[in-house]
Amino acid sequence: MKKFRFLSVAALLAVSISATAMAAPMNIKVATDATWPPMEMVDTHKKIVGFDIDFLNAVAKEAGFTVTYKNTAWDGIFAGLESGKYDAIISSVTITAERKKKYDFSDPYIQIGQILVVPKTDKSTVTIADLKGKQVGAQIGTTGAFEVKKNPGVELKTYDEVGLAFEDMASGRISGVVCDEPTAAHFALQRKEYSSKFKIVGAAFTHEGYGITVKKGNTKLLALLNKGIKAVKAKKIDEKLRKKWLR
Amino acid sequence: MPTDRQTMIEIRGVSKFFGSFQALKDISFTVRDGEKVVIIGPSGSGKSTILRSINRLESVDSGSIIVDGMNVNDPKVDICKVREEVGMVFQSFNLFPHKTVLENLTLAQTVVRKRPLHEAREISMALLEKVGIAEKASAYPAKLSGGQQQRVAIARSLAMNPKVILFDEPTSALDPEMIGEVLDVMKTLALEGMTMVVVTHEMGFAREVADRVIFMDHGSIVEEGTPEHFFTAPTHERAKLFLSQIL
Amino acid sequence: MAQTPNTQIKIEIGEGAAIPVKSDAGLFTAWRIAFFGAILTCCYLAFVKPDPYLEIFRFVPDGILVTFKVTVGAILLASIIGLVAGLGRISGNRIINGTASLYVEVIRGIPLLVQIFYIYYALGRFVKIPDMLSAIIAMAVCYGAYLGEVFRAGIQSIPKGQMEAALSLGMTRGQALRQVILPQAFRVVLPPIGNEFIALLKDSSLVSIIAVSDLLRRGREYASETFSYFETYTVIALIYLVMTLFFSKLISLMEERLNADR
């Protein structure tokens, strides 16, 4: 009896110790612009979901930290990181040389390309260059917008959210939208109201790696993230998430 | 007065209410062509209201007002046609402050009478000459004294060649030294045979110019007759009292 | 003299930038300091640190033009809408009056940003309106309601005797309004309209939300590409400031000229 009581006390102690140990993991604040389905979006329960979210949750689990998400408008998401409003960004951020000058990136966690979406009625367009003299939409500050700009004679129209660009194309104001392949697939193929109107033309014309963005010099967090990404990839969790979100 | 003259204004059984207050009680009188009728009475007696009913600046609730053969309150009658024939001079002059003296005179001639501008100008200058104020033709009303403004107002209504002119206390807003110049103009008009209905407190003017004096009190006509009769032997107590107060 | 309305009535609406008046010496100096200070700061920044400031100044001019076009287009259209609404609000006809009042109430109850979204995207499903035009329409529909109230107050500030005098000369109500009432009311409403114009210029930055490439949107595009947020928004703020101060001066000069004959 006595022994048993001792044991139970010990068990209780052990539980409480491990509980404090559980509370200890570092919590990092991560910004995401949840208007970029299927990578990051808000579901009908107002929850932020998507490939990036599932992926980072898996990374956190592997590396032993917790994540708080902060839905942030894309236009200004980097400014918020600089001013310390959050520790990292996971928001389909393509690792570019320009961005690398200003911020640090984790190892790329997925490879993706930009692709062009046009109305189904457009039979001739294959590349952005074919839309000379017309307006092509993209989300402000995205690689899609930068790609459109590379085509002289094509007028870039920037939007706060990529969904607004698709809506504008639906009402006939612009002739094309450039965005990430999964997002294009989501809007042009899966959305009922758009699937009859839009089509994806050609193949992805860029090859980009997405990375988790941190403030320049935040090596500690970077190491933690890379460790988690490595583990997730080793366990092929990313393959599963690809199937779940990107099909 | 010769009775064979044509009737210019015929007022029969006119009553008017402001809410539950009866401003006019069964008023009837006629004004013949060329006649000068002066309406006097204490303030609130309804004298201005009946005057303003003649060109329908006030509507009446019952009775009829016929001006130059037109029923003023008949919806089928174009009230503008009535007003073209009925000039009006107000206590507060009501010149158009954004127009010069000359423009004040030409405006309605060109807009309503459709006279060519040069013709309207000639007529206007002649009238300004007549009221003794031609040198102010290009001045704005704000630069004129009250007496000058009222003379311009009289000229403005004359410019429309009205068949009758209504005067609503034309000298009440004037400084005493300016009353004479306005009354002189009115006397000239009277001598020229203009049909005039004048609401005034100027008993001297009434005595000198009026063919007939109408005394009103509490919305009713109390006494009506020649100036000699009215000023020397009024029959009614209220008329006697009013005269004793005002003379 | 007694019936000159403009000296007695002053409609104060405090949304826009303060319009400098000569008699108000303090404000006049403040205007000078702000206006020339902003211009000098712009020049200084472009000269001393051409990267990125000069780059930004090169990037945004077409945005300034768009902001200018939207503002001028909207104020013209809003004046027309406002005049109709203002006349409707004083109309004796119950249906016209009710419609005008309903318009003013509804519009003033909806945030401009929501209206812009609504006209652009919601109505875009039924009618195709070019982006610049829909920005102008959205701004004009909103500001028309405010200007309607300004016009109403302006018309009502003209003494009743003016209408009576015009009518007694045989003019129709329409002629009296056009020839007598509105020209006078215009002088009364010019200062508050000038105020609304400045407010509209500032609010025009909201149209950047519907992908109209105005000054703010050009700035945002530049910043999102180069990450020079601080520098870009400094420039954007300075340009807006110079524009509003410039227009407020212009409006005060117009007022002086209009009142020169009195």
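We just call them A, B and C in the order they show up, numbering each chain from 1.
One rule holds in what follows: a contact is a pair of C-beta atoms (placed from the backbone, for glycine too) under 8 Å apart; a residue touches a chain by one contact, two chains touch by 3 or more.
Source: prediction; values computed, not measured.
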Discussion item. Using the touch definition from the top, what's the fewest steps needed to get from subunit A to subunit B?
Written reply: 2
Worksheet item: Taking every chain's C-alpha mean, which one sits closest to the mean of all protein C-alpha atoms?
Response: C
Fill in: Chain located farthest away, centre of subunit A as origin (C-alpha)
B
Item to complete: Round to the nearest whole Å and give the separation of the Cα centres of subunit A and subunit B.
Response: 84
Discussion item. From the mean C-alpha coordinate of subunit B to that of subunit C, what's the distance rounded to whole Å?
Written reply: 46
Response to the item:
Cα centre of subunit A to Cα centre of subunit C, whole Å, reads 41
Worksheet entry | For subunit A, residues contacting two or more additional chains | none
Fill in: Contact set on subunit B toward subunit C in their complex
55, 57, 80-81, 83-84, 86-88, 90, 92-98, 107-108, 111-113, 140, 142, 146, 153, 156-157, 160, 173
Practice prompt. Please name which positions on subunit A make contact with subunit C in the complex.
Written response: 74-76, 78-79, 82, 98-99, 102, 137, 140-141, 145-146, 157-160, 164-165, 167-168, 170-173
Fill in: subunit B-touching residues of subunit C, taken from the complex the two chains share
1-5, 159, 161-162, 164-172, 175, 179-180, 183-184, 187, 261-262
Worksheet, complete the sentence: Within the complex, subunit A is touched by subunit C residues 121, 124-125, 128, 130-131, 209-211, 213, 217, 220-221, 223-227, 229
